[in-house]
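One chain, chain A, appears in both complexes that follow, with chain B as partner in the first and chain C in the second.
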Partner chain A sequence: MMVGALDRRGLSFLLGSLLLITLPHGWHIPWPLFGFFAVMLVWRFMAVRYPGWLPKRWQLFLLTLLGVALLLSQQRGVFGRDAGTGLIVVALGLKLLEIRGRRDVLLVVYLAFIVAASQFLYEQSILMAGYILLVCILLLATLIVQTAERVETRAALKTATAIVLQALPLALVLFVLFPRLEAPRWMWLADDNKALSGLSDTLEPGSISDLSLSDELVFRVRFEGDVPPPLLRYWRGAVYSRTDGVRWTVDSSRDTSARPPEFSGDAYRYTLLMEPQKQNWVFGLEMPESFGAGLRSIHGFQLRSDKRPADRAEYKIVSRPFYNTGPLSPADYRENLQLPLAASDRQLALIKALGGGNASPEQFIQNLLNHFRREAFFYTLAPPLMPENPIDTFLFETRSGFCSHYAAAFVYLLRIAKIPARVIGGYQGGEFNKVGGFLEVRQADAHAWAEAWLENKGWVRFDPTAAVAPERVERGVNVDLQIASGAVNFGPLTGDSAALNWFKRGRQLWQSVDYNWQRWVINYSGANQMQFLRTLGIDGISPLVKWLLGSLLAVTLPLAWWLLKKPAKTADKPLLVYRRFCGKLADAGVVIGQGEGAKDFAGRAQKQLPELAGRIEQISALFIRLRYQADAKAGDLQRLKNLVDAFSVKKRR
Partner chain B sequence: MHEALHQLLACADSVILGKRTQIRLAVCCLLAKGHLLIEDIPGVGKTTLSHALAHLFGLGYQRIQFTSDILPADIMGSAVFDSRQNSFSFRQGPLFNQMILADEINRATPKAQSALLEAMEERQVTVEGQTYPLPEPFFVIATQNPSYQIGTFPLPESQLDRFLMRIELGYPSRQAERELLIGQPRHRLIKNLPVYLPAEQLAALQHEVAGVHVAPALLDYVLAIIDFTRHCDDYPCGLSPRAGLSLLAAAKAWALMDQRGAVLPEDVQAVLPAVAGHRLSPGGRDSGATVAPILRQVAVL
Partner chain C sequence: MNGGSLGWRQRFKPSRFLIGEAPAAGPIQLDQRRVFILPTRQGLLFVLLIVLVLLIAFVYNNNLAYMLGFLLASVFFVTILHSFKALSGLVVRAGQHQPVFAGDQALFNFVLHNPGDQARPAIDVSLREPRTIRLRPGETQTVSLAVPAEKRGWLACDTLTLSSCYPLGLFRAWSPLRFDSRVLVYPQPAKLELPFPETDSGPGGQGQSKREGDEFYGLKSYQSGDPIRQIHWKAYAKGRGLHSKQYAGASSLELWLDYETTPGADAEARLGQLCRWLVDAEQAGRRYGLLLPGVRLEPDRGAAHNQACLSALALFGLES
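On to the complex of A and B.
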């Protein structure tokens, strides 16, 4: 008899929670698979109302074949995150049409827990975590509804919430103390088909202006001391030294480690939390002096990580704003003077006019910057197209461009003037989050600037954009306005406080919560754990085990005490003793029914075990007196105990 | 007094053959100060049962045959003009008796039915603004034909609830029927029955019923039953608080008849079909089947 398990309300409840659990997968798994699941779910919903609509066995078989065909057509392989998720979702959909008994309901619920957990393979944000937690409460409630003899949704939800709340402290302890499984062991689950934006190793004419319209977070920085002023916030990325006149590329053949420069000035210590990236680049503040293991500084002082760029990662870096990179090797010298074409007459004339060849390189660079400043150059997000000879067109005709145009033209002219120079891509600026006390750098902060090599000084940063539009560097980008208008917009002139309205404050608060979630939960890796545990004085397996058991006890004991305390009040001692008596009779094959009272049961037992009739009568009468009658005496419970202890039956074979 | 009760039951058994449980339920109903509804086809002994009970308890007995044209005044009585005193005086109807057999109550129109049922509930009658109390004890045994028979007005749920119990008599067993065929006519037997429990002793017993002990554990069981009926999908609506009170009162009376000073779950189970059957499934006939899920699924211990 399946009275409670398969009633309409219970099934509808189950199907409803399944819908909520699978819904977020609609964004990840291919739509034919999700559509297949949705059709199965709707079908089952209809069948709750019209049970005749359930498919027959052969129809189910055909549906299964269809599901397998869909899976094969949508997935390239059997392994991997997407294939696995698709398989589970399709299987769940098929199983729905096959619910016949309680066993199937339980199976579906357990499958749904797996589906819920698989959401975390795609998204680990705090919102998703909250959603999954709510969904787990729903699933638990379904389990409660299925197992309880009576179905009351609100009570089931309440119980499920209580269960989840009671489990949270345990989960917390295990999360903090239990040795972390390292990501690489299940990296095979992840597919790298997510489209991520960001800088690439080729600087195309429009690539940075594309990024300027994205408020996607690139990384966050928390400084241990002072935050550098906006003018110093240059986050170094790629070093573009090769050009064909239009594009600038990274010379990956020289991907070797660099000789560290000599540093001076105050050190900035900070923690960098990188969001998922396309490349394994880490954007250090110019110029990174020391950095933890897992990072290396390659040629051109760019930081690269050994980790998968698609994962969030945290790095501790120390940078100093002043540095001398020292002499240049002949190969580097040649490399940074490389030009695709001979210089045009106009370019040569301009260089001559600015004192190229006669004045010192410093003087020439100063003149060139002044040229940008004085002449009618414009800073714009949407410059006119320059398909032919872009440097010339920009310098002498259109004269309006974005940071990459200025940096490229600047470097180009320097190279013609025989000064080694290169374009640097990275980010400049960043918005300070007052709530969280960290700096947020977005794709819109992407920037390109120039570096020139000067005798005795090494590589020196020059930002031609600052000459044209000093606001860009001093005030940063106003991301919201820039995205809204599609044109260049800078941050407010005065301090932030005037413009910091409640909306912005709310967003900063949320960013701060998200930052801490990323930092302390998502990014809690094995290494971080070891470090954290060491601060607690746990430096080996045995203290860890002790801590683990100790904190588990510390969490479970109060919970258990709290839970057991309540029934203890109503705990019916005669009933407990009587249950022992029933257990003994059950050994003899006489089992008390759920709806059977002690008197009726005694009568039945006496009939079946006539040799024990007297004892059974005595015990039952005593129990009835203790439980139902007003005239129970003080010693009755003890007598009942003694009688039950002495009671023994021959076990039935 | 308990001895007299015992003799009374044994005597009733000898008159109405093979209906042990039903007789006990009827007496239990009387002890619990409730009214009884007997539902069955004509001729299975409904009248005989009520008649015998009235005699055994020594109650003033009146039978009211309900027909489709009976009026409330025919039951309760009416004001009649007295020409000598030049005023109206109230002439009591057949209702003013200690035991009423309301025969074939569902043949009457709802108007007449509700007049009777109001009197049952309030134990008084109001005519022309004047209230007249009914005698004590006041016990109504109503009989009703199964509603599938022609020319019946089924009692609505709200009025079924006024009856503490509904029992079915059913055909007698083969053995009982044989004895019936060879024995004396029942009405002659009934005429000669002695009175075992006169009205004042009945009142004392009724008082004693109220004093039967109810343990917290038993209350839990009764509450669990009520709760179950309210949440189980098998029943259109659960037991009302009045039904809960009725169930407990009947169980107390049952315990008393079993000569116990405390109610056991078995007492509740014994009266449950009669007390809850018509309330949970007003149209249904098999009360035992109606309450079977309760007996099976509600945990006693």
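On to the complex of A and C.
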């Protein structure tokens, strides 16, 4: 019992596992904080070699002040994920220089487990889970080395691994059956500076083209039946109805539920797995007919979720591609004709030329789309800047833009022509993952299109981008190429196995594994858990408790039996070998009596088989030494085996 | 090895957990009846850690943090089994003990055997002061634990406690064991070097001077307790076994050590003085007899005789 003394190996173990457990935070917390921790860690590493280098008390005090100052300069709040993580990492660094005894080591190891938990607040991938599991084994090995100083390093690692492996089944049972409750709202800690991308409630000229260079996953969809063709894959998000001529915004004042449209045509049933988002839109296939609890359809048929958008969530939705939203209320009518300023002469002239006012709204819209198609309009990710009067500049001068330019200009002209219209933001397309059988929609699939209200038809979708670049809608975006080149790129023409090279197949395989990981591990909570448990027949608290106890027993009893069974088998290896020897003698007619000692039996056998007396004596003596005497040597068992193997007698009848 | 099954009342008697069951003569193999487990302070802190991790998981609704919390909880549970495994199966028996003089340290020897193929890296063995030992698979190790011998007489072995916090230090498994063994404690020899109480019965003269005149008398087969310097090494080297040389010269210098005539303030002081003389006389190679009230040991010499006399002193006036 060496309390207070710390051996080098124990410290090195501790520092090594601390380095590994905090390493991923290098990407998460501000670099001055991580740098501070790294300096402390390196300092402590050096002090393992040169104990004189440890800081004195007043130096430690100054370091603490420095740490506090760094924390204050880097943090915006006191609570929350980022603030908490920063605090723990800095405290850990300081504590490292102040390790004086075993208890300090334990405190540091326990803090390290908290750091491990905080890693999952930033990333929940399979790789991170595996990494943290490995480091946890290392931390447990650190505890073992602390408990038993004379244990070999390899034995400590082996024991730690064994303990974790034996604990895993039990942990899995708890994971599946332990009821999850959503934390009350007051416990949601504010973390503003999470770098999440996605649609925002303001559509600015550059906002969608920014997204189009990101291959970040937005959501995945698994269809229960047919997958809709590319032309129908419009994932509806924000409805932008207000404009100041440059920006388009969502009218959040009208947070009322919409009257459901009349649906017709086939239904698509699907499960949507949303990745963490900045906003709580849920991107349903146009047009969602029914959806589970936790979702609301608000003004303009936007689907909004009650959950925190930063969490992954899964929704079951039924959509139908054909619908009639019916008449428009006067308020909606006014809202969707809103214009910031009077139309310019050029705009009026264009509308007149396209038959605005004379032709039917349908005809006018067709003419306008043809105008986009026929004239020299270009679809590009990097249009020239249009700071002043962007609609006019785009329509009459630059004539090149991205989907949001086309949608905005289209809606603007319709409104001048007194047709209610609005811009819809969302995603279009998605890549089908053949391995996993689901659609992956990425930020690069972000899209803006238009909706116009027509008498007797209600809101109808028009995509002016499709008029300019039909490939965008038919083939979707080629995410890799678009990101690589920074320019618009569409999917392959055939979109089939010809282009599906091994790289893509590998990525799809990984995506499929990841999908199931997200679905069954990360997102296994609340409704998801209830539903899974119901398939097992658990539909209440009392069966749940029964199942929990039952499975705990089912897992722990075999484990306990396996761990605690008497070590008799291995201890009696000599006996097993000796029995083989007795068997050989029995063939020769010398049978060992019940309860006869090895010595007596040897004497009897030697008399009956004098020609083998030497051998019998050798084997018996070795067995007696192995079995009953403490001074048996390491090679004795092997020697006994060899002797018995070589021992042979003539069979007597 | 272990007694029969325990009744309920016996099973939950508090003394079982601390003092152990009735003393045993033979070897004891540790099993579920002998091994007790409770969390350490470190273990309780670990529970707090689990709660904290689960709280983080709850607040952030983070499933992997939940998983980490459940994993740590399961590790906590599995460690109970490992704690038990750290001790169970060990075979402990009491070894041979040498008598000591009061005031010295009595050494209790225990033989620990680790059957099976499992290493036991940290076992604390303690009577008073704990000692940490490590047993390899199949290893047998003798541990000597010192206990101060304060009074003459039989010193019974205290409860031997085997304990281990292996592997993670979260739980302490312990096993209190009692053995039938005891150490004989001779009286503390008096500090004062008084001359031997020479009697008229023997020819006078100083014993020491006669030592030179001892003549070799014969060989007898070695008995434990014979002085090493009397061993006939030549005979041993020739493979004839251990023999002790016997001397005849001192037979005439008989010395009677009588309790009644021994100076001393009280009985213990007298016994201490007798003890001192016994040690000195044996060292001087003299023949001596011991007279205690109710005990008479005829003059003789040699380790066995010396021990018999010292034992008589140790147990004088004590029961059994």
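The rule we apply is simple: the second predicted complex is superposed on the first by the 528 of 653 C-alpha atoms of A that agree within 3 Å, B and C clash if a C-alpha of one lies under 4 Å from a C-alpha of the other, contacts with A are read in each partner's own complex, and residues count from 1 in each chain.
In this text, contacts are C-beta pairs under 8 Å (C-beta built on N, C-alpha and C of every residue); 3 or more make two chains touch, one makes a residue touch a chain.
Fair warning: this is a prediction, and the values are worked out from it, not measured in the lab.
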{"item": "Chain B versus chain C as contact partner of A:Asp311, first or second or both or neither", "value": "second"}
{"item": "Partner chain(s) touched by A:Arg627 [first = chain B, second = chain C, both, neither]", "value": "first"}
{"item": "Dominant toucher of chain A (residue count), chain B or chain C", "value": "C"}
{"item": "Partner chain in contact with A:Leu65 - chain B first, chain C second, else both or neither", "value": "neither"}
{"item": "Partner chain(s) touched by A:Leu576 [first = chain B, second = chain C, both, neither]", "value": "neither"}
{"item": "Partner chain in contact with A:Gly597 - chain B first, chain C second, else both or neither", "value": "first"}
{"item": "Which superposed partner A:Leu549 touches (first chain B, second chain C, both, neither)", "value": "neither"}
{"item": "Touching both chain B and chain C, residues of chain A", "value": "149-151, 630"}
{"item": "Partner chain A, residues of chain B touching it in the complex", "value": "213, 215, 217-218, 227-228, 231-233, 261-266, 269, 293-301"}
{"item": "For the chain A and chain B complex, residues of the former touching the latter", "value": "3, 7, 9, 149-152, 572, 575, 578-579, 592-600, 624, 627-631"}
{"item": "List of chain A residues in touch with chain C within their complex", "value": "1, 81, 106, 110, 113-114, 116-118, 120-121, 124, 128-129, 132-133, 136, 140, 143-144, 146-151, 155, 159-160, 163-164, 166-168, 170-172, 174-175, 178, 180-183, 187-189, 308, 311, 521-525, 556, 559-560, 563-564, 566-568, 570-571, 630, 632"}
{"item": "Chain A contact footprint on chain C (complex, rising order)", "value": "32, 42, 45-46, 49, 52-53, 56-75, 77-79, 81-82, 84-85, 88-89, 113, 115-119, 121-122, 124, 130, 132, 134, 138, 140, 165-169"}
